[in-house]
Amino acid sequence: MYPIHFDKLKEECGVIGICSPGMKNISQLAYFGLHALQHRGQESAGIAVNQDGKITYYKEMGLVQEVFSDTVLQRLQGDIAIGHVRYSTTGESYVTNAQPLVVHYKGGSIALAHNGNLVNAQQIREELEEHGVIFQTSIDSEVIANLIARYNAMPMEEAIQEALKKIRGSYALVITCRDKLIGVRDPNGLRPLCIGKIEGGYVLSSESCAFHVLNAEFIRDVEAGEMVVIDGNDIRSIPYAPNGRKALCSFEFVYFARPDSVMDGRSVYISRRNAGRILAQEHPVEADMVIAVPDSGTVAAIGYAEESKIPFGEGLMKNRYVGRTFIQPDQRMRELSVRLKLNVLKENVKGKRLVLIDDSIVRGTTSRRLVDMLKAAGAKEVHVRVSSPPVKFSCYFGIDTPTRKNLVGALHSVEEIRQMIGADSLGYLSIEGLMKSIHMDGQGLCNACFSGDYPMEVPKEGNKFLFEKR
Amino acid sequence: MYPIHFDKLKEECGVIGICSPGMKNISQLAYFGLHALQHRGQESAGIAVNQDGKITYYKEMGLVQEVFSDTVLQRLQGDIAIGHVRYSTTGESYVTNAQPLVVHYKGGSIALAHNGNLVNAQQIREELEEHGVIFQTSIDSEVIANLIARYNAMPMEEAIQEALKKIRGSYALVITCRDKLIGVRDPNGLRPLCIGKIEGGYVLSSESCAFHVLNAEFIRDVEAGEMVVIDGNDIRSIPYAPNGRKALCSFEFVYFARPDSVMDGRSVYISRRNAGRILAQEHPVEADMVIAVPDSGTVAAIGYAEESKIPFGEGLMKNRYVGRTFIQPDQRMRELSVRLKLNVLKENVKGKRLVLIDDSIVRGTTSRRLVDMLKAAGAKEVHVRVSSPPVKFSCYFGIDTPTRKNLVGALHSVEEIRQMIGADSLGYLSIEGLMKSIHMDGQGLCNACFSGDYPMEVPKEGNKFLFEKR
Amino acid sequence: MYPIHFDKLKEECGVIGICSPGMKNISQLAYFGLHALQHRGQESAGIAVNQDGKITYYKEMGLVQEVFSDTVLQRLQGDIAIGHVRYSTTGESYVTNAQPLVVHYKGGSIALAHNGNLVNAQQIREELEEHGVIFQTSIDSEVIANLIARYNAMPMEEAIQEALKKIRGSYALVITCRDKLIGVRDPNGLRPLCIGKIEGGYVLSSESCAFHVLNAEFIRDVEAGEMVVIDGNDIRSIPYAPNGRKALCSFEFVYFARPDSVMDGRSVYISRRNAGRILAQEHPVEADMVIAVPDSGTVAAIGYAEESKIPFGEGLMKNRYVGRTFIQPDQRMRELSVRLKLNVLKENVKGKRLVLIDDSIVRGTTSRRLVDMLKAAGAKEVHVRVSSPPVKFSCYFGIDTPTRKNLVGALHSVEEIRQMIGADSLGYLSIEGLMKSIHMDGQGLCNACFSGDYPMEVPKEGNKFLFEKR
Amino acid sequence: MYPIHFDKLKEECGVIGICSPGMKNISQLAYFGLHALQHRGQESAGIAVNQDGKITYYKEMGLVQEVFSDTVLQRLQGDIAIGHVRYSTTGESYVTNAQPLVVHYKGGSIALAHNGNLVNAQQIREELEEHGVIFQTSIDSEVIANLIARYNAMPMEEAIQEALKKIRGSYALVITCRDKLIGVRDPNGLRPLCIGKIEGGYVLSSESCAFHVLNAEFIRDVEAGEMVVIDGNDIRSIPYAPNGRKALCSFEFVYFARPDSVMDGRSVYISRRNAGRILAQEHPVEADMVIAVPDSGTVAAIGYAEESKIPFGEGLMKNRYVGRTFIQPDQRMRELSVRLKLNVLKENVKGKRLVLIDDSIVRGTTSRRLVDMLKAAGAKEVHVRVSSPPVKFSCYFGIDTPTRKNLVGALHSVEEIRQMIGADSLGYLSIEGLMKSIHMDGQGLCNACFSGDYPMEVPKEGNKFLFEKR
């Protein structure tokens, strides 16, 4: 099975946690919740349930709807469930690295699901290995589980806090052990995590969009540096690292998150529309129609159209059924992948001057093909507008950025890129514009992939993905 | 595996045919072509290839990308390929009824793929059975194959024409036998079929959108009552029934076809946008935002917005990953299915007066839930506008319409429906409006499901689906 | 999945039929019955059930235990069930040719399962094709079904008899339609079929060994040229062709049938032991131990040991788990296949003079390897004794014999074969000896593969398998 | 998938290791080797390969031929391979517990496969957990890997020896790390392990029968308390615990091992035949025929026949195709399981006085059914002879014995058991007889399951299987 990838950065994971003692079929709820987070990871899916401290789980490669069946879900009975979706970086990914991770230790059994990336995982791992610890996976969760187990003499919440003192990086964690569901967000709040209310308990989720299908009520985000401990209808907040520089990943607003999610008080949809509007102010152009690269550019395109008064229309059609293929992607196939996914609406673009809105450009490969396709269909001009700044720096916090030599924004000027992709003009949203579109004042966001301004010290070279591939 | 269905009519099938002698991997081309027709049927997929008259084939339940693998495609070697996708009417559908149908007869081997429905299939079948004919499936193609075989003393093209004289109903057929690829469209042209040019040969397809991925050039539609016979670069036209009343299914423009297809000279996209514009003229309303039921209402919504000057926006978010589920759909699940697929963009609809554009309303069940969801999210008013007329009559030509007692448009007045779905106002496009949106003058379309004006005599009761289920 | 084949002739199929109105889970009974017939065919398996004339079925490639699950069997509800197992001639076999065949015709629906081969199938097929009949498979059952359907004006039993008048060859048929289960055996009784009694009805089976697991009581064999019509506890005999020359396939006794079956009044086990005894009389030798090629040579080896007073022992060990492999059988693999299946018991054969009993030698390839293995393990002498005569002629009645140029017995003298396989001596059972071992007087058996004396006129060239592979 | 179990004790596992640097497709060799060990475990299968210290692996539930395909094996490239088969204790077994176990630690990566059971695994685990160690499986291998990792400062061979000092119980281990293949046998030699020579390297295997298919030459057994370190053609012996009481599991000779294996210098086949002979001396009886419960009783039956001069024959026929079923084993099914597997050769047993040889009786459930079946078929007398002593005590060394309340031999006298199973007489081989059959002098064997004389201190209660099921 070969995924058909576009020229986008990839989110690492999505996590969910549900605690509602006595509710039947809690694993079904987790299943539906993971459906809503499927866009955060399509490689593997897993659910672990906790019944009186006994944890059973199932995880497998594939989409949520492929991994789970009635039979499997019925086997997963418990009062607390956590779930995880993971995306496929490469074809070499294995079920060994799927989550949740379930381990047994002095304190009983524990299940963890992690979204994010630790910048010092390799270092801690080496320290632990010095003490004879063995590792069976290449995921950070195993490092965290080992740290927690070190402090098994302490109560669970304290043991977790001790572990958190050691780790640096980004993490949204959901953990279950004994009778508790625990959620943790890193001191910078790099990765999102929020709290919802359901009958008899609470839900934790990477994104609030999952609350809709669960009939859960949005309560609030977990704060940066906060741990929440849920036991049925009881929820306690432990601000274990309250003074970090808040730095939620701004790419969540650009591309990762679903538009119907709200993160740290900001609607993703509205932020994206704002981005389109500001983009129209920063890079106006005379044109006949604003079109989007579907689906990720659509919201910004609507904003651009509103601001510019140029009508919004559709110029590219997406094939909703093509996600993966069993056919080995040879050279011809890679050429085909854009065609398989997108087609031009010739009748709608012929003779027109177009503004093509994309949410981001990473390698630039897809952009070139789209401009070509539009021109071949008779578009008079194609003005590419990108609703985020050029990606110039690697992410160390859970996003699979290519090495800098493949980041077109790191190596080339905007004019060079314009020529490479064959556009009549090219404009990127400024960093200020992006910050404004989200928060109005730009506080509280990480924009390191655009600016290189990391919220913490990062390794000189390499990133998680190199680490995992070692 | 349970499909998550919405309140839509269902297309029967999509067909493709490729003839390019000497081209390697023609089955791969058919595979990619079927991807582009996947929206016309998700139940089963099949490909048959013809090498010097010897036909090999593979068909199975599932999506195109699930049915075919490298191994399977490599086994399918030939100069001509035909392919078929079929949709799932019910969970009881079996691979026996998958297409193409491959049969052996006096004249050699023949493979057929059929989109449409014969109104006299049952009658012909009974006549054939009188003569001792056996049937192994419940598909019309087997009736057609038997008729062709009756005339095995004639040249193939004549035998097919003799068979066509006997059948009545809708059909777009692709057939391969000996060294030929043959395409046929019924005398009314009820179901679409068009011709494309590729290197060394030709392509036939239900929709022109498949030509894009095949790098094929659109030539023209097969005419109503026309047979085309393709042998490599040779293509011959046989107008076997040239004087029929032209009656292409207007629901292709409303919902079935992909917007990037062109049918009988009309762009589906432009027709839909026109429908939205005319809808705005026929049923104007004061509102703050025009939103669509994604994705099928989007194009008309853009048209409505343009005409009404009310801004287009997004109010409902679709989960692109949820297509099917392995979880048995119990009562709670059916309640969930709309939630699994759609979520409200609360921030964008709160306090607003909305125009909600849907392409059609069949049973009305989904509409009620969407209006509820939007109101619960704070929408001040929800004005539902439907870019097609009320569906009041059963289709006998290949569309799975519910029985009349489940067709809300057949039983209730517009005002009654408005109350049922809880909308503040409700407006349907008129039949004239729909005709105008497509053809300007309304000639050449079947609108029987709206008007009851069938282009031929139809059975008093029952339709294909009852027949198949007997 | 690649079968690991030995140097044996292959049976075509096994059939079962069960009629017991009102019994729950009749498909489970058919499932268990097919288990007992699995040795007659490992390629595909199928079951069709008849409920008040409505037939549902399931058939798939694979072993009985792989094809059927609880879910599938529960869907197959009815009063009558028929089942079929088919063996894999080549890797190119497809589910299209799996049985039972289910067809619909003027008289309703009918399901057929056939063991055997018609020598005039191709001729009838051509005649039918002249009349415009189409064929969807390459199995004889489809020819038979078409013939029956021709006579749909007659009562079922008469229609079947009319059809039988046309066909020549070997057949054991089980048929169900309306409220009846019908069994037919060809006028020569070439293929076996027998009747058992269960609560509320009757069972038909290729072999009586299936009655054990069904708790059925053996009643009698269907006679050559007899049709039996079962309707619950009623059973009627129609001797439609009573005067044929009785000619049950003698290879059933040599190799195909399970030793615990009784055919036409003769125990397969006792016949095989007799064959071993007579072989010892015909080809005595001084030796220390009698060993068998497991498992097919074991019974004859016990007989040989008894008669010769040489102790029976084991010299070759069979791996019971190796049946098929997913690994493509390259050259090295083919070399391995004997090793994967058989190992020498070195400690038991070292320094001994062995009599190695095999039931038959077809190509001679395996024999050479076994003699080599035994000698390499230190056997002083290896005297090969074969409990059947040399196979010299092709079978036209349902056995997949290789072409004569691959039949070592057709091309070489016994002494030449001895040298080819490296044995110290070689002796085959005589035709008379084989006849004596089974029937005492040799009446009623077909021994054409040994003698060339066919019980009916056969085609000059070609056999069923060539026909199917055309 | 439900296994059809007989009334037998179950082996835990089989292991294989192959080291031959530069040989292509070493994983294919491991695959073929595991085929030969399939009788030691049918639940899961796994192979890990080591290329320059980098370990890749694949393990899954199922038979060897189901788990591995060409594609999988081609991905497993390396100079060293280890493999493992595991049997299914219950339907609750998961892939998590499949082996080999692959872990990463300070010293690099290591893969382990283990046959046996540690009696102090739980205790060590608790000690390790005290120090903060986490566990992800319930297999002993994870305990061993953790111990080895503790000593990462030492050279590998020394680290393993340090680990071995801590563990007590039974183990045959194959380990690969860096450029080495290491084999270890516990100080008592409870579980078997032997060494073979192949081109360019060596093979380790639970049983010598695997050497045949690998074309490997048997060299010798690994000694009790010996570690062997293999690096290509170099092999070193480290007698790390040379003075243990030798105690190879005598049940290997009774039932587990394949007859074509040689263990600690004794042929399993000859031991079993001896057991039959001595059984005839200890429990003679007047009878007409000696028959076996196939296949496990066959060798002893031949021995019994030889000694008693009563002819050996076959009375029970085994269905070679029935191993597992997808049909849920309800009550009726359990009744059926003996019938599905075994049938009586009525013609051969009718009117005869039979000696029925079984290798062992655990619960006694199958024996009762077999005696009934034989008597129902007309056997005049059925004298049951068992070629091993009554199983009276639980095993703590890797065999899944039922709790004592289900061990018929622990609760009842021989006469009581005779009555329970309905035999005319019953005789068990004595412990001395069994020892004599194997070793002549009884030294070096564990017969604790018969005698309660364990070669080391064992837990008061519980055994591995309880531990795993906690």
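Read from first to last, the chains carry the letters A, B, C and D; within each, the first residue is number 1.
Criterion: a contact is a pair of C-beta atoms (placed from the backbone, for glycine too) under 8 Å apart; a residue touches a chain by one contact, two chains touch by 3 or more.
The structure presented is a predicted model; accordingly, all values stated were derived computationally and were not measured.
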Key: Any chain that touches chain D and chain A   = none
Task = Take the average of all CA coordinates in chain B, do the same for chain C, and state the distance between these two points in whole angstrom.
result = 48
Query = So how far apart, in whole Å, are chain B and chain D when each is placed at the average of its C-alpha atoms?
reply = 60
Query = Once you find the CA centre of chain A and the CA centre of chain B, what distance in Å lies between them?
reply = 36
Inquiry  = Give the residues of chain D touching no fewer than two other chains, as numbers and ranges.
reply    = none
Request  = Once you've mapped the touching chain pairs, tell me: line, ring, star, complete or other?
outcome  = ring
Message = Under the stated touch criterion, can you name all the chain pairs that qualify?
response = A-B, A-D, B-C, C-D
Query = Can you list the residues on chain A that touch chain D in the complex?
reply = 101-106, 126, 129-130, 132-136, 138, 145-146, 149-152
Key: Of chain A, residues touching chain B in the complex   = 28, 31-32, 35-36, 38-39, 42, 63-66, 68-70, 73, 209, 212-213, 215, 258-260, 262, 267, 269-270, 273, 295, 298-299, 302, 305-306, 311-314, 317, 319-328, 336, 339-340, 343-348
